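Here the structure comes first, spelled out in structure tokens, and everything after it is commentary.
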Amino acid sequence: MTLLRLRDVDTYYGEIHILQKISLEVGEGELVCLLGGNASGKSTTLKTILGLVTPRAGAVEIDGEDVSRRKTSYRIAKGLAIVPENRRLFAPMTVHENLEMGAYLRKGASSEALERVFDLFPVLKDRRRQLAGTLSGGEQQMVAMGRALMSEPKLLLMDEPSMGLAPILVERNFEIIQQVHQSGVAVLVVEQNANVSLSIADRGYVLQTGRIVLADSAKALLANEDLRKAYLGR
Amino acid sequence: MHLPLAFNAELFIQLLVNGITLGSLYALIALGYSMVYGILKLLNFAHGDVYMIGAFTGYGVLTLLGGPLSPSIAIAPLIVLMFLAAMVAAGLLGVVIERFAYRPLRESPRIAPLISALGVSFFLQNSALLLFGAQFRSYDSFVLGSKNPEFFEPGPLTDALFVVKNVNVQLIQVIVLSTTVALMVALTALIAKTAIGKAMRATSYDREAAAMMGIDTDRVIATTFFIGSVLAGAAGVMFGLLFSQVFHFMGFLAGLKGFTAAVVGGIGSIPGAMLGGLLVGLAESMAGGYLGGRWSDLTVFGILILVLLVRPSGLLGTRAIHKV
Amino acid sequence: MATGEDKPRVGVDDWVASVQDRREQRSGLAGLARRVDDVVPAWARLALFAVVAASLPLWMDRGDLFAYGIFTLVYVLLGLGLNVVVGYAGLLDLGYVALFGFGAYSYALLSSEHYGIHWPSAVSIPLVVVATALLGLLLGLPSRRLLGDYLAIVTLFFGQAFVVFVNAANPTVRGKGLTGGPNGIADIDPNDLFGYELTTRRQQYWFILAIVLLVLVGLHFLSESRTGRAWRALREDPLAAEAMSMPVNRLKLKAFALGAGIAGLTGCVFAAVLTAVTSGNFALPILITIYAIVVLGGIGSLTGVVVGAIVINVSFQFLAPENPQNNARILFYLVIVLLLMLSMRPLWRLAVVLAGTVAFGLAAHVLAEAISPSWTAGAVVEGGRFAGLISDWVIIPSGHDRFANGAYIALIVAILAVTRIRGVWRTLSLVPTVYLAAVVWETSFVEQPAVARWILFGALLVFLMTVRPQGLLGTPRVEIV
Amino acid sequence: MTEQAFFELRDVSKSFGGLSVVDRLTLHVDEGEIVSLIGPNGAGKTTVFNLVTGIYRPASGEIRFRGRNVAGLPPHKITQLGIARTFQTLRLFLNMSVKENVMAAAYGHTRSTMVEAVFRLPRARREEREIAELAEEKLAFFGPRLAGYRHDQQAYNLSYANRRRLEIARAMATNPSLLLLDEPAAGMNPAETHELTELIGRLRTDGGYTVLVIEHDMHVVEGISDRVIALDHGVKIAEGSFDEVATDDRVVEAYLGRQGPG
């Protein structure tokens, strides 16, 4: 069963054509990574998936339903969740409130989900009354992850989990991604750090100037000559 | 010009009472500015005119129900009805304005929604002028429910509820103040405790991130406009009841002062709006009483400048730490 | 698509190389205007404007030259000054119109019967310009601490204070009210060129045109200088500008002073042409008009200011209360045609709208009559053979002033709404809209054309902003994230 | 350490709302050195840059540049004295052309007035020419990456990596002697990162700049640094050569993690 499918999506930003006929899919329980340099259109792809920008042409399907004209909240309710780039916590709200926001559309199940998040990140339990803005970078990352997991998503979107982070945090991040993946959640990692992400992914896409230029299994991509030169370096 | 040689306690208390009532009115207007500014970073110039429309709606209800001299229903339900009608009308107007004048401009440079807001303000003001004329429309709340209309005897609204140092504190003043306080408390609770309140805070901090959590930010913003405009509508009726008159241009200056109150108190803070409103109301009342009417607006202006220069984030505002 | 050479190399994002291919061709009038603006060099545009503008008095009569020519030029100048503050430096100055007023009043005091001082323009104009620039500097002082909207509100207060001062305060100086209160100051001298008085409309027009051309050239050079670049940098990102060695506060004050100087200069010629000044000339509506000019043309663009001033002033004069009602009629036909064009495709929509409008009208008429016969008792203004038919269709109450006013406002709201919705909803809402237009027309327009005009103007501002926030010649600001 | 270092911080502290971000920090950079500042997120690295460039005013301590205490001076003054920076979050003048971005930064060392500009007087014309040449020269430093045909493009058209390069070019146009680079490799792919490593080297050899750089990419840090300084919670936890710092226990624990560099 395909959880998420983009079909020939064209997205514009103002007058500029950003995404050109993007097609990709993520199956249930899969770990897929979307590789590309910054400004290759990765963030725009994510925004298109979430409905923060509307494509001019093509379709976004979640769980087999065409949601291209649906609001973001509708798509989230269908089982998406995202850990945005640079975390984007609500700094003046408490850790607890931040987590609550993650479960905004699932008020009933939130106490159970809360326990699960606290099991995953015990340190957050002690800090639940603290304002999110006062946490250390590592703790903030945990809140961002926990917030996304609060809605018990079927598909977790990770936007640049290694961007601008200390090596130790990158490492922890990817451990948690794997952990979440092993519990049966599908994950789409949007990254430009090909090394780490391909090593844990099932499949991958490479985005270049708004187009998908490579799509293959992670193993094959790791062996691809062009990709090695550009992304694995040295 | 005469200088008050001896301290006149009666005058002072009178001005104090007037200032507090006026101030709570400004506080209600300030809240609308503050909430909208908090969530959209938009200076909603049309807000003062929403308040004006609220005042006219109250006037309309009053006229439809027989007018002040011979109301067809009892005074208490009449006033409640006036408030309700004005609040609903203003609230809906706020939502419509947001939908058509501001929402299309979310991603535009800052100046575009500002110009759009000026356009809306201009439109509303002149519409009221065209429909109701340039003359003042009288609420005649002074005689509302008067026992003997033929002799224009004061009605119950101006009855003294209690007396301080020979100064009568009128029923209407107490109504205005207590309504304001009640609305403030309700609003504070709404924002601190309820899901929509938290969604509002999240949206005002980071709209896109809030959307990513599944919050329907369009709806949250519309709700914010609705609540802010409802408060302005209530303030409009209060103004009519307090000063017995409404006119098409009343929104402009009241809007400016409301915004001043919001800024002085600290944009985004509810107690700040209350404090700022009181400060502006008191300043206006005191300056008017001791220095003469023409100085009152300039005094308000002076306070604004002073506060902004000393504490740019307002009295109760939190200083934003700019991430660089 | 991705064939051979076109296939991008992995790891190389070639946005810049491909950006022209990715930019859509803009269509419509605005797109054409942009392309012309891109292609035609600045000096050619200036020359074209100068030649056309200079020839105006040769074929225009005096009244039109005053209304269309001189007023447009005054608006151009005002727009150019505001453009320095708002367009270049990105500072929201809502007290700008007070500076214009200060200039006009100052000139009036220095060259009129009011105090019997008749200094020649060569003395009074430079003096006034410098004084206004200094006042602008003063007004700009809060910009050191205040950002964006805070600055806007403080300057707006300043504008209000000016009107209050001129109208109400009117302090007595040398036995006479300084500003003349609500009556203003009359009998102002015309401008003179070293003693030669410019008394005819033609002379005045050419004089102002010369000033406009000089200011345009000067501002063009300035915008391509270190100061102009620094202003734009400051508008983009004040913090980065400061970190890149630009003294942000001083630059803000410079923009304020220069803008104020131009406003003061405009005040001088304006007062001289009008020969009288009153505070009403410097109130909120004028401020909004100047903003509309700058924003319509496209913020920061000199050509845009000129185009904006022409469009706004010409349409203003066209709709002026003095003009015959015919203009209003043309406007209404235009609106109806435009609305119908919006729904032309596919053709069945047009049919639906027309049929719907007829049905809607009949139903409304019956309903209104049922509620109260007086609602339909009014007479149709014109209509000839169709008068009977029309009066069975539209609602015309007897004594319909208030009703017509309401319908007019409702019509404008409905038109605004129609432009914002799509698809079936648009078709549906067109029905009452077209009907309203008919009602407004048949109830013979509104009583107060001046007010009605301002209402339309407010709505147009909203419309313009929501449809084209960057203005006619402005470039949309894009960020690729 | 010499008596008067080229650039040094002495006991500099800064806190926000009671939260200490930089705590009695002392460090120095000698002329011609390339020094890297590393540390976990929120360690106060960017705050150090903001303190040095005058965006924040230190609560206590001295920031000395060529013997002069610059703490408390406004940012443009500090830049005019010869310290220029780039921003982690990229703060280009997006709606100005590439060349204009660089030309704008020449403001601090040009002098022609508004009047001279309006009337195109000789000094204004000469300076305009010089600024244009300066901009081309600085952009040429980046070779084909910011080559001629891109000069008239609006900055928002640039790719992320090119925006980072343009920020460096813009900083160079202020004629600094000390360059502060805030995560110049962030958002670059390995090939581009490799190129950047060389470029930073050339900044010293060809450009004659002294460089203080914040960077997370350990390959870059290893490739460029004469010296590395590690911060955590606003405190210096290690200083020395790359190998010394990278193997320091506290650095490994707080920052690098058990896998170590890479």
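All chains are identified by letter, namely A, B, C and D, in their written order; residue positions are counted from 1 within each chain.
In this section, a residue touches a chain if its C-beta (ideal position, glycine included) is under 8 Å from a C-beta of that chain, and two chains touch if they have at least 3 such contacts.
These numbers were taken from a predicted model, which means no experiment stands behind them.
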Centroid-based (C-alpha) most distant chain relative to chain D: B
Geometric centre: closest chain by C-alpha means: C
Whole-Å gap between the CA centroids of chain B and chain D: 49
Separation of chain A from chain D, taking each centre as the mean of its C-alpha atoms, in whole Å: 31
Mean-CA-position distance for chain D and chain C (Å): 44
Sites on chain C at which at least two other chains make contact: 11, 13, 15, 19, 239, 477-480
Residues of chain A touching at least two other chains: 37, 39, 229-231
Contacts with two or more other chains, residues of chain B listed in rising order: 324
Complex contacts: residues of chain B adjacent to chain C: 37, 41, 43, 99-101, 104-105, 108-116, 118-127, 129-131, 252-253, 256, 259-260, 263, 294, 297-298, 301, 304-305, 308-309, 312, 322, 324
Chain A to chain D touching residues, read off their complex: 37-39, 134, 136-138, 140, 163-169, 171-172, 192, 194, 229-234
Residue ranges of chain D touching chain A (in the complex, touch as defined): 19, 39-42, 88, 159-161, 183, 186-194, 216, 218-219, 254-259, 261
Residues on chain A engaged by chain B in the complex (per definition of touch): 50, 52, 71-73, 76-77, 82, 84, 88-93, 97, 100-102, 104-105, 107, 147, 151
Residues of chain B defined as touching chain A within the complex: 195, 198-199, 201-202, 205-206, 208-216, 218, 318
